[in-house]
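The two complexes that follow have chain A in common; it is paired with chain B in the first and with chain C in the second.
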Partner chain A sequence: MAKTIAPNNVAKSNRKWITGYSIIGLLLFITYQFLLPWEGLPLGIYDAIYRWMPPSAINESLVYIIMALGLNIVVGYAGLLDLGYVAFWAIGGYCAGWFMSEFFYFLNINFLGSVPAEAPGIHINFWMVLLIGGFVCAVFGILIGAPTLRLKSDYLALVTLGFGEIIPQVFFNGENFFGYNISNGTKGIVGVDSIPVGVKNLGPFDFGWKLLIFLLLTAVMVFISLRLRRGRLGRAWLAIREDELAASMMGVPLMRTKLSAYAVGAFAGGLGGVAFATHVNGVYAERFNFTISIFLLAMVVLGGMGNVWGVILGAFILSWVNGNGLTAFGQLYNEQFGTEIDFASFTFLLFGLVLIFMMLFKREGLLPESRLKLMLHEDELDQIDASSKSGDK
Partner chain B sequence: MKKNPAKVALVALVAAAVSLTLVSSSSNAATTLYISSDLPKQGGSADQSESTNKAIKLLLKRMNNKAGKYIIKFREYDNSTAAKGSWDDAQCAKNAQAHVAARDEVAVMGTYNSGCAKIIVPILNQDPKGPMIMVSNANTNPGLTKIWGPGEPAKYYPNGKRNYYRVVTTDDNQGAAAAEYAKSLGVSKVYVLNDRQTYGQGVAQSFTTNAKKLGLTVLSAGDAGEGWDDKATNYEALFTKIKALSPDMLYIGGIFDLNGGQLVKDKVKYLGSNTAVKMMMPDGFTGYPDFLALPEAAGAYLSFTGLDISQFPKGGVAEDFQDEYLLTYGEAPTSSFSVYGAAAAQVILDAISRSNGTRKDIFEKMKTVNISAAKSVVGTQLKFDKNGDILSKDITILIVKDKTETFVKKITIK
Partner chain C sequence: MQCTAVLGGDRGGVKLAKVSESKKFTGTPGQLRRQRIEQSGAIVISLLMSVWMLVNLVKAPEQFVQVAISGLRNGLIYALIALGYTLVYGIIELINFAHGDLFMLSAVFSSFFITYWIGADQSNPKGWLAFASCLVAVMIFGAVVNVLIERLAYRRLRNAPRLAPLITAVGMSFLLNFIGLKWNGSTPRQWPTVIPSGDIYIGEIRISLITLWLFLIGLPLLLALNYLVTNTKQGKAMRATSQDKDASTLMGINVNKTIAFTFALGGAMAGAAGLLYQQSIGTTSYNLGFQLGLIAFTSAVLGGIGNLWGAVVGGLLIGLIQGLNDGLPYAFGQAWSQSVVFAILIIILVFRPAGLLGKSVTEKV
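Showing the complex of A and B:
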C-alpha cells in the first residue's frame, strides 16, 4: 500500500476543480449545442454520438449524478444508510408537477412562469420551483429524520426503507387523498412548463441549454458537498460516521448533525426531482420504486463512498450502462456478428457481477475517499507504516 | 478579353459539383428509409414486445423490404430499463429525441404503454422536419386522442397537428361494449371494481357511465367503482360488503397481474359461482394462462379491443400472415397485440409508399390511409377518423370455458 497517501484529503484545495469542470462543461455544451445540429458534421460522427451518448442520455446521467451526490452526503459523509432516497426524488418531482403545470387547472396563478398568463394551473418560474422543491424536500428530510435518528445502522435503514415505500405509495394512490387529487395517481402529471433562460423558453430540442443548466446544478451540488465537508459540519459528519459514540463524547451534537445531513441530502433530491420532471416533461408515479433507491445507493458505493468525484463517476457509469451503453454495445455486437442477443436484459447480471467483484477486490469504490481507504486497509497499513494514520484519528 | 483563371476554375468547379449532384441523385433512385418500433423489451411485457417486433419483421419480409420506391429497414428501440423492470419515463424521453435525431428514420410504431406515448407524441409533434408519425398497436387510453382529462388531448399536440394514430380502439369503447353486453345478459344490478391504475380506472369509468346510461343500477360509489388493493392477502371484507348489496354482476376493471388471481378466487368463495353472480373483465385479463387455469375463472366474461386471434377472418391475408408467422418462428404470436403491431407497420408503409419520403409528406399521406379488410393482416379495414382513432371499433366478448377463451360475440361500436 502506498505510503504517500495524504492522511487527510480534507486539506486539499477545494477550488481547483472549478476550472477543469468548466472546461469539460463548455466542451460538452459546444458539442451538443453547435456541433451536433451542424449539417456539415460527418454522418459517421453524428451516428456515433447518437448511438453512444445521445444528448438526452447525458442529461439523464446528470440528474442521476445530482441525486447520487445528495445520497452521498447522507450515506458517504454521515454514514447513515438510506434505502428510501427515491422518496425525495418523488417529492421534488411532484413539486414541479404542482407548481409548473396545468395540474391545478381550476386555479390560475402565474408567477414569472414561461406560459401565457391566462393558462390554467399554477405556473411558477422554474428557478424558483427548484428552490421550492429543494426546501420542501429538506423539510421532509428533517420531518422523517427527527423520530428515526435515535435508531442505529440496520434499524435506521429499515425505517428509511419504509419511508421510501410510503411516500411513493401516497403519490401512487394520490388521486383520492382524503378526497383531494394530489398526484393524478398512475396517470401522472403530463406536461411541465419549459425552462425560461431569459432569451427564450427551452423547447424539447434545446439539449445544449438543458445540459448547461443540469451541469450548473451538478456544480452547485459539488460545491456544496466539498465546502460542507471541509467545514465544521462536514467534520462532524465524518466523526459520526467513524464512531458515533466517540463523536458524541467529543461534544458533537448527534441529533442536529444527523438531521442536517438528511436535510442537505434531501435538498439535492429536490433539485434533481425538479430537473428530472423538466427532462421527461412530466411526473409519473411508477418511476419512484424501491429499485431506484438501490440503484442510487449502488452508484455511491461503486464510485467511492464519500468521494464526490467517485460518486459522479459511479453515477455516470451506472446510469449510462442502464439507459444506453449496454443497448448500444448490443446493437454493435449484433451488427458485427449477425446475432440477435438482447444485451439489455443482462443488465442486472452485469450489475451483480460488478458489485461482487468490487466487494472482493476494491471495497472502497472506483475513486476511493482517502480516509475511507485508510480505514478499510487499516491492518495492512498498520504493518507497513503505523505513523501514516496517526495524524488522522 | 482576358479570362480570369480563378473565375474559370470556379465555373469548372461549380459544373463539376452540379454534375456530381445530378449523378448522385440519379443513382439514388432507391432511397433507404427506416421505420422503428418503440416497445418495452425488459420486464413483464418483454415477450409481447419480442413477438411484436417479429411480426413487423415478417411483414417487411413479405413486402420484400419495400414500400413504393423506397427500401425500408427496421430499427428496434427499447423504452424500458433493467433498473425499473418496466417502461421507463426517461427512456421514453430519450427515445423520442433519438427518433427525431435519426435522419433516416421516418415513422415510429409504438408504444405499448399509453404513459410512454404521452411523453413521445409531443416531442415527435414538434419535430422541425415533421411532424413525425407514430402509430400504436396497443395504447387504449382515450385521452391520447379524445377529450378526456383536463387539457387532453390538446396538450399532446403542441403545434395542433395530429401525428398520432392507433390501430386498436379505446378503453371507453370497451367499457361501452361490456355494458351493452351486460344488459343483454339480463343484468340489472352491478358492482364495479378497478385496479387503481390508469388503464383499470379508465375501463371501469366508461363501464360505469355506460351502464348507468343503459339503465343498469351501479351499486358501487364513485365514477369508476371501488379500487381493490393489489397487495391484500384476501378480499373477504370487500366481498362480504358487496354481498350485502346482492349484485347480479361484478365488473373487474383492471389487470390480472395486480393480484387478480386472489380476487377471482375470493369472488367465487364469498359471492358465489359465476352463473349466480356473473363476472366480467376487460382485456387486462385476456391472454393469461394462469387466469384460465383457475377453476374459479370458468364462466367469466372477457372483453377485448379489436379482434381475438381466433376471430381473424379465414382465407385472407390475415390467416396467411399467421400461418407464415408460425412457419417462420415455430410458434404462434403471443397475442393479437403483436399482429396489431404488424397492422400498425402496414399502415405506416402504406403512407410511405405514396409519399415523397419526407416526414412531412408521410404525415400528410397518413390522413388518407385506407387498407381494405382483405389486405389487412388483422382482417379488418384500417382507416382512421380525424382524431387518429381506427374506424372499425370491434370489441370481442369471450367466455372462459374449459380453461380456454371461447368466442361469444363481436360488438361493433357505432
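Showing the complex of A and C:
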C-alpha cells in the first residue's frame, strides 16, 4: 500500500484542502459571528446578507451538505440508487429527539447533558448523540440493505423508496405505535437540548457558533469521503459502480462492500439528522417526505456524482435556492415589477428541469469526476468505436 | 502438488457425471435453496393472509364483502396504471416514474374537459355524452403526452447507463407535478360525477352503480390491450423489440416507432384510469400521481413486471388488500395504508423478485 501510493502526496493533498477549507470556514464564521452584530457595518451590506443569506439559511445548507455527502457515498461511489435517504434523516432526527429532550418525561437520565441534572427526560451529551444517531442509522442501513442488496439496481431503488415511505409514516403515526408513543405524531418533539462546548451551551439562536460546529461536521464528512475513496474499500466501491459482474470476478466481495457503502452513507444521514434537529430545535414528522430524498439526489447529480467538492457545490446551490434564494429573488422581482408571482411554487419545475437537463446534457455534473465522466459517456464512446471500426473495413 | 490437483479435479468430474446420470438435474444448490426459501415464504405468507381474512370474515361478513368490492374497484384503476409501467419496463427496462403523474394530469384533464369545456355537471344524456367523448379525448391526451416525454427525454438516453434515464424519469415526474400544481391548484378540488350513480342492493350488500360502470369500461379496455399485444402485427413487433432490439432492427422492425407505440398504449391506459378515478372518487389534487403511481408500480412488480396479466392480477390484489386493510375491524387501518402496500413491495422483491406470474431471468454476459 505504502509503495503504490506515495504517502507524501496523500499528506500534501490533504493539507491543501484542509488549509483552503479552514480559510473559507473561518471567513464565514467571522462574517456571521462578529461582522453581522458589529455596529459599524454599513446598513446596505447588513440588509443584503439578511436578504440573500441569513445565518439560519447558511446553517441549513451545511446540514444538507452533510447529508448529500452521505448520499454521494451510496449513489456516487458505489452506484446504488437510493430513493429513500430521508429515512435516515428521520431516524437521526428522532435519535436527537429521544436522547436530547424531555420527550421521555417519565425517565430521568442525564449523561453529561447540557441541562440541570434534575430535568426530566433523557439528556445525553450532543457529541455522543451524534455518534449514537450515526450508528443507529448505520445499523438501519445494514438492516435495510442486507435482504435487498442482491436485487438489480432499479429494484433496489424501489425498495429504498419503500423504506423511505414506511419509516417516516411510522414516525408520523407514532403517537400510538401499538400502544406506545414513540414520536409524538404530527405534533413533533419540540425543544432539543443545546450543544455543550465546554465554556457555554449553544441554544437554537447561536447561529455563528453553530455554524462553526456544522462546518466541523462537514469537514469530518469530507475527510471520511476522501480517505475512504482512496482506500481499499473506496476502490472496491468504484469497481462495483463501474461493473458489478467484473468486480465480483476480480474478487470484490459484493455484499460486504455494498453493505458498507450503505452503512457509511446512513451514518452521514444520522449525523445530518441530529444536526438538523438542533438547528430547528425540534423534530417534526411531516418534514420527512419523499421530496427530500429527491432533493438530496438532485444535489448529488447537479454537483457531480462521486466528486466531493462537486456535491458540496450542488448541495449548497440547491439548498440555497430552495430555502432562501428563490423567495428572496421572488420578493425582489415582485417589488421591482409590481407583480405577484408565487416563486416558491416553482421549486418543482426547477428541480425537475435540473434533473432532466443535467442527465441529457451534462450527466457528470458541474464539477465532474473524471472516471465517472468516462463511464457515463460509455454509449457515445461505443458509437465512436463502432464507427471507427467500420471505417477501417 | 499440481498432480494431486489435477487428479482431484478428475475425480470430481467423474463424480459429477455419475450424479447427473442417476439424478435429473433440477438446479444448482444455490437455486434449489432459493426455491425452498421462496416456497416456504409463500406458504407462511399465504397462511397468515388467509387466517387474517378468515377472522375478519367471521367477525363482520357484510362489511368484508363491502370493502372487498370497493377495494377491487380501486384495484382496477391500479391495474390500468400498472399496465403502463409494465409495458414500458417490458420494452426498455425503465421504471417510468413520471407515469403516475401522467395519470394525475389525465384526471385533471378529464375534470376540466367534462366540467368546464363541455359544461356537464350532472348525470343526464349530455353528461353521458361528455363522459364518452372525454374517454376518447383523455386517452389521446395521455398517449400524446407519454410519447412526447419519450421523444424528448428517454429516447436520447436509450443507450446511456441505467442510472441516467431513471433520474430523468424522476425529473419528469417533478415537471408533470408542477404542471398539475399550476393547472389544478395547490389544494384538492371537488368535481361532479356525470355517469349514473346510485346503489344496487344484493341482499344486505350495497354496490355502487359507478363501480359497475368502472368494470364495464375497464375490463373491455384490458381485453382490447391484450388482443393488441398478443394478436396483432404491432404487438408482435413490441414483443420482438422487448426481447432483442438489434435483432428486431435486422428483421425490419422500426424500433423507435414500436417503443413510441408502447408509450402511447401505456399513456392511453393511464388516461382512461385518470377519467375513471376522477368520476369514481370525485376529487383531484396535484400530488395524487405520486402515491397512486407507486401503488400501481407495486402492483406491476407484484404480478411480475413485463407481464400484462401480472399487472392486472397485481393491481386487483393490491386494491383488495388495501381495501381490506382500510375497512376491516382487525387491520392496521387507513393510517398505515401506504406502509402495508410498501411492505408488500419489499416482501415480494426480497422473496420473489420476478413477481407472482413472472419468470426469473438469469443475466447473460
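Here is the rule we go by: the second predicted complex is superposed on the first by the 361 of 393 C-alpha atoms of A that agree within 3 Å, B and C clash if a C-alpha of one lies under 4 Å from a C-alpha of the other, contacts with A are read in each partner's own complex, and residues count from 1 in each chain.
Assume a residue touches a chain if its C-beta (ideal position, glycine included) is under 8 Å from a C-beta of that chain, and two chains touch if they have at least 3 such contacts.
Because the structure is a prediction, the values reported are computed rather than measured.
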item	value
Touching partner for A:Gly40 - first (chain B), second (chain C), both, neither	neither
Partner chain in contact with A:Ser345 - chain B first, chain C second, else both or neither	both
First (chain B), second (chain C), both or neither touched by A:Glu102	first
Contacts of A:Glu286 with chain B and chain C, given as first, second, both or neither	first
Which of chain B and chain C A:Val354 touches, first, second, both or neither	second
Which of chain B and chain C A:Asn173 touches, first, second, both or neither	both
Partner chain in contact with A:Gly20 - chain B first, chain C second, else both or neither	neither
First, second, both or neither for A:Gly198, with chain B first and chain C second	neither
On chain A, the residue positions that both chain B and chain C contact, one per complex	173, 345, 348, 351
Chain A to chain B touching residues, read off their complex	43, 46, 50, 54-57, 60, 63, 102, 105, 120, 172-173, 175, 184-188, 190-191, 203-205, 207, 276, 279-282, 284, 286-287, 289, 291-292, 295, 322-324, 327, 342, 344-345, 347-348, 351
Chain A residues touching chain C - in the complex, by the definition given at the top	75, 79, 81, 83, 147-148, 151-155, 157-159, 161-163, 165-166, 169-170, 173, 245, 290, 294, 297-298, 301, 345-346, 348-349, 351-356, 359-360, 363, 375-376, 378-379, 382
In the complex, chain C residues that touch chain A	93, 95, 153, 156-157, 159-168, 170-178, 181-182, 186, 290, 294, 297, 301, 335-336, 338-339, 342-343, 345-346, 349-350, 353, 363, 365
Of all residues in chain B, those that touch chain A in their complex	41-42, 46, 78, 81-86, 88-94, 96-98, 100-103, 115, 118-119, 122-123, 126, 128, 149-151, 155-156, 196-198, 201, 227
